[in-house]
Amino acid sequence: MNVVYTHIRRADPEVVNALADFGVATVHEAQGRTGLLGPQLRPIYPGARISGSAVTVSVPPADNWMIHVAVEQCQPGDVLVVARTSYSDAGYFGELLGASLAARGVRGLVIDAGVRDVADLTRMRFPVWSKAVYAQGTVKETLGSVNVPVVCAGGLVNPGDVVIADDDGVCIVPRLEAVNVVKASDARSAKETRTRERLEKGELGLDIYDMREKLAKRGLIYRPQSLPE
Amino acid sequence: MNVVYTHIRRADPEVVNALADFGVATVHEAQGRTGLLGPQLRPIYPGARISGSAVTVSVPPADNWMIHVAVEQCQPGDVLVVARTSYSDAGYFGELLGASLAARGVRGLVIDAGVRDVADLTRMRFPVWSKAVYAQGTVKETLGSVNVPVVCAGGLVNPGDVVIADDDGVCIVPRLEAVNVVKASDARSAKETRTRERLEKGELGLDIYDMREKLAKRGLIYRPQSLPE
Amino acid sequence: MNVVYTHIRRADPEVVNALADFGVATVHEAQGRTGLLGPQLRPIYPGARISGSAVTVSVPPADNWMIHVAVEQCQPGDVLVVARTSYSDAGYFGELLGASLAARGVRGLVIDAGVRDVADLTRMRFPVWSKAVYAQGTVKETLGSVNVPVVCAGGLVNPGDVVIADDDGVCIVPRLEAVNVVKASDARSAKETRTRERLEKGELGLDIYDMREKLAKRGLIYRPQSLPE
Amino acid sequence: MNVVYTHIRRADPEVVNALADFGVATVHEAQGRTGLLGPQLRPIYPGARISGSAVTVSVPPADNWMIHVAVEQCQPGDVLVVARTSYSDAGYFGELLGASLAARGVRGLVIDAGVRDVADLTRMRFPVWSKAVYAQGTVKETLGSVNVPVVCAGGLVNPGDVVIADDDGVCIVPRLEAVNVVKASDARSAKETRTRERLEKGELGLDIYDMREKLAKRGLIYRPQSLPE
Amino acid sequence: MNVVYTHIRRADPEVVNALADFGVATVHEAQGRTGLLGPQLRPIYPGARISGSAVTVSVPPADNWMIHVAVEQCQPGDVLVVARTSYSDAGYFGELLGASLAARGVRGLVIDAGVRDVADLTRMRFPVWSKAVYAQGTVKETLGSVNVPVVCAGGLVNPGDVVIADDDGVCIVPRLEAVNVVKASDARSAKETRTRERLEKGELGLDIYDMREKLAKRGLIYRPQSLPE
Amino acid sequence: MNVVYTHIRRADPEVVNALADFGVATVHEAQGRTGLLGPQLRPIYPGARISGSAVTVSVPPADNWMIHVAVEQCQPGDVLVVARTSYSDAGYFGELLGASLAARGVRGLVIDAGVRDVADLTRMRFPVWSKAVYAQGTVKETLGSVNVPVVCAGGLVNPGDVVIADDDGVCIVPRLEAVNVVKASDARSAKETRTRERLEKGELGLDIYDMREKLAKRGLIYRPQSLPE
């Protein structure tokens, strides 16, 4: 059965925006190393960092019909997350769909497949995280679904979850955990700032994290180099 | 038998140049979704867009001797297309060959293998689409052929075909179809311009492409979200 | 047994620095096409070119504890080389470790696994050559070794070897051969400069390298194109 | 938080067993082309066909501690499903764990990572579907969870779901849909039997499925071959 | 334009059959190391060796409609060759289509995509060379073409070409060259028989092929091992 | 410089043979999880288990000349280990070389590239562990070296090291450690036998390995399943 769910719950916009400030690596750590999508998702240009509420789309192989359907379900502040039911490098998405999403205030696209018109999308500064860049077009023949739970790049995404994406990849925060993850990220980030200052002054992580005793207990041996000249 | 064909027919230069303006994605669509080489071919730097007449080279594994032979067969406005008979990431091509091709007015290189000296080639703005960047050199021991039909990144390329390449990949237009593809690309491009204007104003593809009835007929259902809070 | 060797022999700093000037492709050729690590190692940003003395680390899967241990063994002018004992895309290294290494004068990182915080590392201009960019964190549970011989991206690296890295990849020069490789690179580079000048004037490699007779002997045939219009 | 859920609901054993009779391809079709895990999962020997209730395990990279924990939660008729939180080819599972599971009446293992001792497991006829065969061992250092929802080879598996596995791969049937899927598979299978009989007599699918008119409407053209001799 | 060519020229059946006797490796060598399809094509069971005339099919992504169309164009002694226009692991082909082809005397299938029902196909001894085994089904929505030139697994196949397939892979012999390739294979095979007899008696290839002088000229040095104990 | 070392030290034949009895997984564990070559090396037929002294060969891309040279350096009980300096799937080795090695008493081949004639090699029961099966032939143009240290499938192999290979992959034991590894394997194997007997009777690894307290300390929680029906 192919369904479009038209109303999804989204997290508080302030919470969503706060998550972008921390970035993917910090958020991923702060929520206990969960929620990261696979390393095959790469940005089409460097330097973008976004967060937003997930509108999810499940698409058949090499068919982008449901992306057109999903555009209508998007609000300002959303991120479109496209999962495919079968491996594909085809370019499901190009600058026309990018213009359409940008006009609706959508902040970016995450797609476990290919994208095209990347020069235009870069010029528009519409960020995309995709598995491939490829000009091969798609058809509009077969239905899929919108705003259902999807598996994208090996991770589970529910509609309304918070998507964070930057040069390190893409991380998903469940909607109801977003507030807690902001707090945990904040704590982690503050601690990292203090650590960074000490490291920049030349202190060693071995001392800052107090690792020397634990290493010795596990049996680490220090020796002068003994290879013959 | 190893042969170098010394005279190939090329398409009209104006037609060749016109194809670059449309870019790979539009040309690929305009000729009925044919001619696209595989997604493994990626540009060594972003932003280049070229077209040209294919001078083709078939090379043995990790041997670039025939590329030197092929340089002589190139004219201003050509694009060198290198196909290998066996999988290789070796760097068949570097800045010396780049300087040689640039001196002859060649517009770029498409190679289903590796390339090296990419910092120099980027500085020279000599664009290359390759499967890998790798410093591993090659030998000059075994013959291949020049200006024979080749399979490059899974697509067939005949000498004299028009090569279009940009950030979306590489597309081949058969020489005798180039005029028709320009016309079809022009029509497609004009239509896309009108569509883009409507999308940028916030109109939906669902309405512009008149999809709602067709979706309903296929059985698409709209429902409010019903997941429990 | 897990060991940290605390004293390694390094090559003469002038020799190390001289190798960076030639770049990976030239050095690799000059030492007889040996020492190149695999093409999976790619820079996190374009344009960096470094050389340095290898401090080597062997790490367990998804565990970066030993990198913290290795930092203490680094001196100004070193390059950290991280080899894993099992395939992993996890992000073993981020901006905190980058800040720590930079504070010690380390020139860069080579890692046959993932790295994260690449936007920060790019801003800091701390260059990294890695197999993946991925935010997935690692643990600190299991010991490895520092300054032992390692296999990194398919190549052998001994502590104190010279690492050269640029946009073409990463090449290793054995410490005791570094002086000779500088000489050989110098000779090769001078020869390439002369060749480049001739190629830029439009001379053909076929003539510069005197290939025509050898090609004919091997049986290469030249023919006018004979395909039907 | 790392949890072991000790009581899971399972489908009716008769329903579970019935699904094995149909095999993966038929079940996958009968439930609307959903539930298939990725093609990287291959059997360690040909000819096995099983079904069972999923006991799920989420394991850290290269750490098989939780598999030992999961064994205790298994009952006769179960299938162990192991998902990893990070890419790994390591051999998390060998003949000792196989002997332990067999002693408890477990029917097989599905693992999105590596397995070892495959000669022994083949001799025991304990079937495994894995992404790799590899002798590399794992540690017992870090916790995971048992009987939580997992993403395995790109598909969602809930504890108690029905696992069907044969030479074509692995398919998951949600526990509450298992009865309906048996019915749908039965209908599909009966229809296929009738179709097979007609095909074996030489009738064409074109006629059995009544495709000729639809093909003509879509514009398919038949022509005698016209290539020159 | 989507076309089915209904009459293709085939090679003499005796010539076709003779090629199977030599096998892929010998035929590939005998025709000058051309015609080999990519190593991703693997047999679904070991031990099959076939030859036949190619009926070619070009299929859209995850759509097997044209395979049903192609069945009608097959004669006894043919081999079906399926090329896809976009990467796919989907199972385009299963036991029903296998039964239909077997009923028409078709000798096997070569497909640059997935196949399913491999246990049934193995039982029927209907050999398939495919890129993947996967239960994922396909649709019947979009046209392709039959008996046009196709690129399959990186190689060009014309309808009526001779297909040879065994455990080493798949090789294509152009129809008009088949007679010559039989002769060349015969000569090569006779020579190999004589060489094999000498090798089995313990003679060295170095002597049989008279390599010692050539090796010395190229500079090969023999030394006793000098590594310290 | 290309060298053939003609005398290598080998381990005691009894020690070499003893290692085969334990198999790859046990030996790999017994020597501290080192020495395993990459998972890409797979046997051409199931069920073989061998050990032997490594004769190593370093070969240029798609060139098998040095394998012919290496045959002469082999003694009964050796295993040929072929490493390539550049990625290749080409079939460097077929039944003629297999017949030659078998005539000299060589026990098998390990090659980080392709092999062909696998049906014949299977019939001869000459076992091969390779990265690919592929009919593509190679040339005899460029020198390499024999009995030098090589990196094969990511692992270091010195001439005279002991090679163990079975269905789980390939493991290398340094010659001078072979005696100790036999002892360690023996101890490990005896322990595994006792553990197996307990597991087969239904005892749990949790109890045999005394894991319950450690799991609790790390924070593992047991809960009844709480998902809604």
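Per-chain numbering from 1; labels A, B, C, D, E and F assigned in written order.
Simple rule for what comes next: a contact is a pair of C-beta atoms (placed from the backbone, for glycine too) under 8 Å apart; a residue touches a chain by one contact, two chains touch by 3 or more.
Treat the numbers as computed from the prediction; the structure is a model and nothing was measured.
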| item | value |
| --- | --- |
| Minimum number of chain-to-chain touching steps separating chain E from chain F | 1 |
| Partner chains that chain B and chain D have in common | A, C, E, F |
| Joint neighbours of chain D and chain C, given as chain labels | A, F |
| Listed pair (C-D, D-F or C-F) duplicating the E-F contact set, over half by residue number | D-F |
| Same or different contact residues where chain F meets its copy chain D, judged by the half mark | different |
| Chain A and chain B, separation of their C-alpha mean positions in angstrom | 30 |
| Chain centre separation (chain A, chain E; CA means) in Å | 42 |
| Multi-partner residues of chain A (at least 2 other chains) | 1, 33, 39, 85, 87, 89, 136 |
| Interchain pairs in contact, sorted by label | A-B, A-C, A-D, A-E, B-C, B-E, B-F, C-D, C-F, D-E, D-F, E-F |
| Of all residues in chain B, those that touch chain A in their complex | 23-25, 28-29, 33, 36, 39, 42, 46-47, 49, 166-169, 171, 192, 195-196, 199-202, 204-206, 209, 211, 215, 218-227, 229 |
| Footprint of chain F on chain C - complex, ascending | 1, 32-34, 39, 85, 87, 149, 151, 154-156 |
| Parts of chain C lying in touch with chain A, wherever the complex brings them together | 1-9, 45, 65, 68-69, 71-72, 89, 91, 94-97, 99-100, 102-104, 114, 116-119, 122, 132-137, 140, 143, 147, 158-159 |
| Residues on chain C engaged by chain D in the complex (per definition of touch) | 60-62, 85-90, 136, 139, 141-142 |
